[in-house]
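Shared chain: chain A. Partners: chain B in the first complex, chain C in the second.
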Partner chain A sequence: MKRAVLLSREARWGYLLLAPALLVIALVALYPLGYTLWLSFQQKIIKLPGLKPGWVGLAHYRELLTGARFWLALVNTVMFTVISVGLELLLGLLAALAIHRARILTGLTRAAVLLPWAIPTVLAAVMWLFLVNPAFGLIPMGLRFLGVSESSQVLLAHPLSAWAVIIATDVWKNTPFMTLMLLAGLQVIPTDLYEAAAMDGASRWQAFRRITLPLLVPATLVALIFRTAQAFMVFGQIYTLTGGGPGNATETLAFLNYQAILNDMRFGYGAALSVLIFLGSLAFALLYLATMGSQLKEGGRS
Partner chain B sequence: MRRSGVLVYIATIAFILLSFFPFFWTLLSSFKPASQLFQINPAFWPQPFTWENYRAIFLERRFYLNIINSIVVAGVTTCICVALGSLAAYGLARLAFRGKTLILGFILVVSLFPPIAIVSPLFLMFEKARLINTYLALILPYLTFALPLTVWLLTAFFRQIPFELEEAAHMDGAGTLRTFWEVTLPLAAPGIFTTAILTFIYCWNEFLFALAFTTNDASRTIPVAIVMFSGYHTVPWGQILAAVTVVTVPVAGLVLLLQRRIISGLTAGAVKG
Partner chain C sequence: MRLALTWWGCLWLALAVAGCGATPPPPGVSLVLAGGSGPEEAFAQEQLREFHRLHPDIRVTYQATPSSASERHTLYVTWLSSQAPDIDVLNLDVIWVPEFAAAGWLVPLDRQAAAAGISLDDFLPAGLACSLYQGKLYALPWFVDAGLLYYRRDIYAAAGAPLPHTFADLLRVRSLKEKFGLPYGFLFQGQTYEGLVCVALEFIWSNGGRVFDDSGRLVLDQPRNLEALKTMVNLIYRDRVSPLAVATFQEEDCRHAFEQGYAVLMRNWPYAYPLLSQPASRVQGKFGVLPLVHGPDGQPTSCFGGGCLGINTFSRHPAAAWTLVRFLMSRKNLKRRAKALGMLPPLASLYDDPDLQAQFPYLQRLKNVFSQARPRPITPLYSFISDILQVHFSRALTRQETPQEALQKSQTEIAGVLQRFGRAGAP
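Right, the complex of A and B next:
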């Protein structure tokens, strides 16, 4: 590629053009993040002004790591992430394959894919909350019809069925995104590959295993890591559907953290939990980076 | 072979129906009077059909304030992001300098970081500066996820523009800034528009910051306002469903109108084409 002549001049412009955006990111993201780290070693509780604020070292981290609530939230978050993203991947793959082959109602299909993606997560949760309302929701009505006991119809009152509702909401909201990404991946697979495979006498299943799946990996991996990072921070559904209940059964890390900060006003303790969550998601981000690495370096999609 | 064909159609149609059904049910229920809404074994069709829930959210709850808040916060954030983002993306897509890969990687990492991680210090800072319940208290944290997204998407779009035209402008003696303004920007307009739509939608949908940094009904954005409709003892389902319908209908229109653009934006920079 023949790029411009005066490299140093070009570089100067490059830094100049990037400076405003990077400065803003540093100011609104990095500075507060550093502040979080500092706060995590401090005692700072607004509700109890009598309590002496100040340095407490690792006390918050010790409290978190020795308490059962943190570990339950961690297990919940990981479980939610694995199950939701796994289901979304599986259903998304099936939907993408079907849509790709059916080629009917394409406008309607596109709308069906985009609409759940485009609305706020909490509105999806609100709609599902209405569907599972024990008194007048459609789903308990269906359960009643099937002869499920009255107490079991109160889906959000039992840990297992509460999780099922949360996961169903998430799957409903996010499978379309996965489908879209996989569909885009399917559309760039050259059709002559399948023709060649058919010529060589490969069965449909063989063509799927040897051509479709491997060539879908790049698109899948990006969507997968993006969704995983998102699911790991799940908050809105929990807040709207269960409020962490019954008991603490559906508390996730982000929800627990929100409660610590805005309910209990424990800013230092909350910051320590934030630091732990941040470290966890940094692992995902680095994984993402490793996946996207080739694209970053090649300097263009041309 | 024939059977798998039928299966494919059934799966596609099931997918469409499942995606639309909650919207459809919400829309129908929002026109039901309370007596019908709260009956066991819900009736299908609103009888009698009523606009009461819509009247209540606008006249009693002043839901339009929340709509204005959402538009202002998402709109201003999007404008800032597109302005700063297109400069940065032009640099990243077009100019050669050291550390570019590192910067792109950094931007990706920032775009994935958990919003909750900065709520604690921001709350303390905003309270001290008396910014709670102001637009600024939402716009500033929204930049943390919106700006990296904008830079990333715009970089992908700028890279799709043929380089030759800019080279020609350079050859004719146009400087970097003029080339950007007069050649690249007009060519990039569709990509910038798409990026703006996506950024706007992401801001429009945000919940955590909006919940944390607003404390009264008048300053809330749409998602938070709707969740807060519920009181301790009563849940005004009719109004909640009416509000969900009110904000979903324009989104549905937008999505139908701009579906190709939105899809190109979502897949840009994610799927190698």
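Right, the complex of A and C next:
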């Protein structure tokens, strides 16, 4: 009984101390979210003030969900996210393992690996734009050397090769982030585990499978959540490399949102799209927590 | 403690000095003029110095805005939709005037123009058309732009070939390109952006096609338009006159390639002319300009572009703002601006000016092109329409859909926009 009172008093203190932080979260996260949701039911196009603003209910959601452009953008966004984050994870893991084992020039290699990540997205995309320029770019030059037809050398004029360029730009730029996160994860794995495994006669592959990979899960999860959330919002590469083209073949949800809000100034419609993007990001986050989170807890317990 | 005291001392001292140094605001009114940055800003500052000498009671500050048209548009809409009085005079792209006029953001200028004795008849007709909305004048054309066909004079002379005038002539340029070993025949702007709409509309208009007919009915899906769009697609795939690369090109990509001597022909705006004539250009003295090519059912019709000056409705000093507009619009200043920046004047009579003709030997040809040029659909909904056209024209150029599908889908989607927002101002 006394214990319960004590606990509740402690809990009350706890909430009181937490209150300022909760208030800040409510102000900077919940309020904009709620406002966006409310706005998504409104007609608000600031460049057409003659159009009376007002409640339009689910009209914006209906317009989005029945339009081909939204669905293509959704498929594009999911496809881009899965492929580019998958490649970054794979390449990042390989790079992290290599750097972790490196004994010479460690500082230099780490700095060199990080370089692409330090370049702003738009600049990185502009560099790739030069690389794929049909007149003087290095990549079309190589393709010409290989005997690829002239029209296939124009990578940004075909939906599939345009996507390949966008994904390559993203992988080139963001693999270092993955590497860095995984390298940090590798460095906290105690070496005595490997010594014990070696004593027990485990092969290096077994040690990698049974020690390195499971203990990397927390770092991987954090890196994946960061990268997925970012990839789901991909905009800079698209804006710089293709402008959504050819046609609308490389439009993503964030690009459509930019079009809706900054080009068309349709704030209500853009808000509805933002709500759908938020739900998509949330789905990805929950998926990670469901699959890897349980593993994370088990890992922590054992 | 001593450090803190020193800090306070410095602060008070600074405040005191600032207080002594502050001069009372100058008498009269202050205005803000918003326009482009870079050379445009430098030249405007020069003009403003003269304006200050002539009108000591008006102080004008220049507000440089982004050169990218879409970013400048976003900035203007942000200011004006919040009814900001800060900017008095705006340099507007011609396609924004109906949108801003319908929104009530621009001061109607009919009365002032009449009182000042400004003759509207001297303005190039397309420029005037862009400045009018529902019969009222909301801006004054400041400089004009229209699509031109740049050609390699040396190649045509060496081949003894007739100059291209029709779609059919254009489709035959491949032999010329191969004979002289050039990588490209004809270059145009084909990326998914406003430039593509201009080029496609030029092909459509030059074949007698239309987007809206005279009664404002949407007539995009029609045989003449289809023929025009098919010609653009054939240029790339069937007749191999244009490289597929044009589907990724904007103005500067075309200009660079033409400047390197890679192409026989190029569609571009007049801005490229002085740049191609510089010593660093490989085609210096080897090129010329022509009106655009036309189809069997039409006459060469360029897309009209350029800028206007308008006055913000929320300006606190509309009378002073008008004084500034009149100053900038004077013949002398329009001429000086053309000479300094290569931005061509909106007044037809200035094209006969010997001084300007000396600097721009192709001026007479430009006058003809400008007087035949046509504005893009004049409606506050233009940007929505353009967005749809950009996507479908680009899809047709990259063979993601046929020209027929592109026109049908654009027609349906634009009809949807007109139905949804038509109340805000149909064409």
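Everything that follows uses one rule, which is that the second predicted complex is superposed on the first by the 242 of 302 C-alpha atoms of A that agree within 3 Å, B and C clash if a C-alpha of one lies under 4 Å from a C-alpha of the other, contacts with A are read in each partner's own complex, and residues count from 1 in each chain.
Following the convention adopted for this analysis, a contact is a pair of C-beta atoms (placed from the backbone, for glycine too) under 8 Å apart; a residue touches a chain by one contact, two chains touch by 3 or more.
Treat the numbers as computed from the prediction; the structure is a model and nothing was measured.
With both complexes superposed, B is the one of chain B and chain C in contact with more chain A residues.
Contact with chain C, but none with chain B, is seen for A:G244 once the two complexes are overlaid on the shared chain. Contact with chain B, but none with chain C, is seen for A:L18 once the two complexes are overlaid on the shared chain. Once the two complexes are overlaid on the shared chain, A:F208 sits clear of chain B and of chain C alike. Legend: residue contacts after superposition of the two complexes on their common chain; A:A135 is shown touching both chain B and chain C. Look at A:L262: by the touch rule set out above, it reaches both chain B and chain C. By the touch criterion defined above, A:Y194 reaches neither chain B nor chain C. With the contact threshold set out at the top, residues 135, 262 of chain A are in contact with chain B in one structure and with chain C in the other.
Residues 70, 74, 77-78, 81, 99, 102-104, 183, 191-193, 243-245, 247-248, 256-257, 260, 262, 380-381, 383-384, 387, 391-392, 394-395, 397-398, 400-401, 421, 423-425 of chain C touch chain A in their complex. The touching residues of chain B, when paired with chain A in their complex, are 5, 7-9, 11-13, 15-16, 18-20, 22-23, 25-26, 29, 37-42, 80, 84-85, 87-88, 90-93, 95-98, 100-101, 103-105, 107-110, 112-125, 140-141, 143-144, 147-148, 151, 156, 159-160, 163, 167, 170, 176-177, 201, 204-208, 211-212, 222-224, 226-227, 237, 240-241, 244, 247-248, 251-252, 254-256, 259, 262-263, 266-267, 269-273.
Of all residues in chain A, those touching chain C in their complex are 45-51, 69, 134-135, 150-151, 154, 156-159, 242-249, 259, 262-265. Only residues 1-4, 7, 10-11, 13-18, 20-22, 24-25, 28-29, 32-33, 35-36, 39, 44, 94-95, 97-99, 101-102, 104-105, 107-116, 118-124, 126-128, 130-131, 133, 135-138, 141, 172, 176-177, 179-181, 184-185, 188, 218-219, 222-223, 226, 229, 232-233, 235-236, 239-240, 254, 257-258, 261-262, 267, 270-271, 274-275, 277-278, 281-282, 284-286, 288-289, 292-293, 295-297, 299-302 of chain A touch chain B when the two sit together in their complex.
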